[in-house]
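Both complexes below contain chain A, partnered by chain B and then by chain C.
And now, the complex of A and B:
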């Protein structure tokens, strides 16, 4: 009897735990890219005051499908050609805590769209904005910044690094 | 060669340690079977080169006279990197002392050879490609002038393997060199003023320039980089006085672009036919097929021929480009006046492994089978030491000088490389333990030849790789590779070596092994001393006959530069080397890469992942004397 009791408790616990699964949102719109709303600062000094209100949140960071799309697009748009699977080579690594041009979602989005003066190409007008946000979400998963149940759990490639869901979180230094 | 458990990463083993032993055995069996299911892990025989004893083959051919200066990276047109200076010899090399230093103010890899002309030393840095002139007549060799070309910072984004520059060339009172963003410059050697500047490469399409130009007669010869960016390779001759383009030979495409005409007489039949640079590719693939020219050029004034290599075809994923992919991964002989091709030989037909054919060609006259032959000796990326008749393009011999299992040899009848089928990379599967890896048994780092010992001194690496082909999408200005690569230290457990090779006996004589690839060039002198540097920063002098290390000095950073020697204004012999880790082998340090990703830097970061524990970045010139 006691055993059954434990089994029931365990089952309920399991059920409750599974409530924490990511929510599948259909027809998810991209975050706002209205620049008046954007606060993609890359600095820690704000003359005459505190840091402006927080950056645009990337709702795709809550959505496993969007993140996995981001992973696919990261390869298809040749991001992988310079940054490889996060370790870097031609471009800097993306799986660590160092962000030259900021590690907030808006910073990464802007880096992809605007390009950066030391070799990062500008993809303005080349990648649909929704896809840029998907790539942005995936890029942040590389340094463990996404929930484990959203971050990709496997790669369809040869095993060259731990999957993103097992990546130790490394919050951006800047 | 069996499957070596020691080559599995330690993290794999830690995982099993937390599980009871019996189940861990089972788990292991499962893991092993799963891994095999997805991969093409094959036991295949590879081979190290044959070893022979030292036979003193005093060179019978001619060697260019030496005035104690160093006017081009390869020293002479034959590319021997041999100096007749002999003040520093095997007896006194142990007494070498630091004479002076100079900071380059850069953090990226220094692959260049310093030049010494008219008691001035010239140094080219990696991007931002500053040219420094140092006055050797004054104590401490102070700065005379510097020239800042201010290349575009964006060009760094199309440099496959660090922002390197392999050096300058002196002629007609000018220093000629190239910038990463695609210009060739002529700078007045006395004043540091710009004489002319010509744009040759378009970095917005993935082209860059990293090679050292060669000046032949009144032409400055320059080739492009960008084989990982879907460029179309070329070699261009620029008029040394005006900066105007004299001719350009594309290295893919129709014959008229490649400058193939009536004078083209290749030795082997597979290179005969019309427009093979088009028909050996899928439609239009030759337009983005790589075949760049970022390496070395040699010149034979008697035959009036230049010899240059051609780099890998793109993308690395070879399934998307069926065919021989001419004229990639081979050697051209050309007339320097017109650019006309005279012969061609393909070292890696339909290249499967990024075996760029851009290594140095040493032009020597050697007794082959009892007969003196004018040959070209090329320690080739695919692992073979080619001896080629430089008048006809006939391969006389090709013996492995490093560990090779990706091919079985070279068929001397057809000239064809004999690939090993089970090492053939595929889409949707992993092929393991391919030796040599993509950088080859030897990359750009140039060897030296001593006429006193008859030996070639070959700095090279010993690394293998696991490969999986992936989709390759061409987007102009971005990489066009289509491959996941992980490199590993090779068989025998060493990363590289300085190898002394007897080109007549076609055997290895001695070697000095190192934990890391040897990514520096070699220098040999009439004092029978060989100089080279290691990735962890040791600058070494070795006995050219025995391989005994006579002296070594720990520089501030890893060495990937080319040592040179010269006679100073005081009559003393000096030896100079640039220290500053980087390049493909060292970008793991200079680029601050994260080695948790084993594919970083096209997979090379994994083979040199220990390097950050041994050295840090930073550029410095070191000059030594007795």
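And now, the complex of A and C:
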């Protein structure tokens, strides 16, 4: 009897976990394009010491739909033109463990919004914040940092590399 | 603009601007002919079958009564009926083969060529021209001249869609990475409604379009206006509206020819104000609807690829004034 009880609980827990994976949030409310909360800064000197690093968790990293939206936008906003499919070109590779500006969600968000001095354009005000977080989640899936069942399993174009879900995890070095 | 399932069914049977039974092109006449042939023949067969069954029940024989002469007459009758069924099916086969051949045939002599590209969940319409500056790009509204063959080239940017304007022709699938061709020709002026006919995701039901058949002169006028780049804003409010457009996410997805906006993720807005509807036939193109669409497109077409925006009230008003001036 007790075993049955555990099996049922385990099963329900599994089902609940997949709820978040499949949730489609269309009505997020109009995402604000205000980025004054940004943590990016262009140098390492601060009066009175640095702000503590922010550890914003990106809830979209649990959500397969949001990550696939990020993947679509990565193509449509032409990140792919500079970073290719993660291997890098004009911009640095995004599928490896090396991050110039940090590989945490908040770092990547800030990189997209603020731009970076050696050629990364600033998308401030041009990409709604909700989409920036979607793209951030996708960028992290490229180096295998997302759960396998959330990362995209296929591409819309001819595949040149393994899908993100089969990418070997490359935890950020920095 | 919204069509309920019932009014669609009604107009399908009784005719209308979204109906197989009010054909407005040579191909649609073929399809309509086959439809009515099948309707009357199958209707007659149904009535005859029901009458025979009623007769059989009425004149049922007693279990023990055996009449060999009558039985052999019956066998002959069954053979005759089977023969008639075979003949009728053969007539259908020939009629549909002939009809299909006529609709599949592609008329290219002095045809106008239009490229139609399916997107989730709207239609990109491109009027090809050897001279690049004469190419016209628009969305969801296809203007054609009456009486002239129009060669349509289809493809898709994402998933399989299907182009179906029942008054003009049968369905045609739009397949990613693959171009198909067919032609339509509108016999008389009118507005014919169409709809995506292959399930393509969340907003498949809101992926409509209109084919507007104009007399040649009116069509040429329309085309000439569409070729022009967007009108320069003539006052400060509209100038500010253009600035809002170019400094907000709009510029990442839309084209307004004559400005820096050149993205093709969403519909070309160069002559937005000349269109009757927005969002693929979902809303009438009024200032109020436009405001609602921009601020909260996700409540109108949940899941569509344009995010809801947040704009300051002044910016929104200026943007609406500018978009409204894009005749």
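Quick note on the criterion: the second predicted complex is superposed on the first by the 120 of 174 C-alpha atoms of A that agree within 3 Å, B and C clash if a C-alpha of one lies under 4 Å from a C-alpha of the other, contacts with A are read in each partner's own complex, and residues count from 1 in each chain.
Quick note on the criterion: a contact is a pair of C-beta atoms (placed from the backbone, for glycine too) under 8 Å apart; a residue touches a chain by one contact, two chains touch by 3 or more.
Just so it is clear, the model here is predicted, and its values are computed rather than measured.
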Based on the superposed arrangement, let me know which partner A:92 touches: chain B (first), chain C (second), both, or neither?
first
Per the contact definition in the header, classify A:119: touching chain B only (first), chain C only (second), both, or neither.
first
Looking at A:166 after the superposition, I want to know if it touches chain B, chain C, both of them or none. Which is it: first, second, both, neither?
neither
Please work out whether A:130 is in contact with chain B alone, chain C alone, both, or neither, and reply first, second, both or neither.
second
Let me test your reading of the model: by the given contact rule, A:76 touches which partner, first (chain B), second (chain C), both or neither?
both
If you lay the two complexes on top of each other, which residues of chain A touch chain B in one and chain C in the other?
76-77
Under the touch definition given earlier, write down the residues of chain A that touch chain B in their complex.
75-78, 81-82, 84-93, 95-96, 98, 117-121, 157-158, 160-162
Residues of chain B that touch chain A when the two form their complex
38-39, 153-160, 228, 430, 466, 468, 470-471, 473, 475, 477-481, 484, 486, 587, 591-602, 605
Any idea which chain C residues touch chain A in the complex?
158, 176, 247-249, 251-253, 265, 295-296, 298-299, 302-303, 305, 307-310
Which bits of chain A are touching chain C when the two form their complex?
24, 26-33, 72, 76-77, 125-128, 130-131, 156
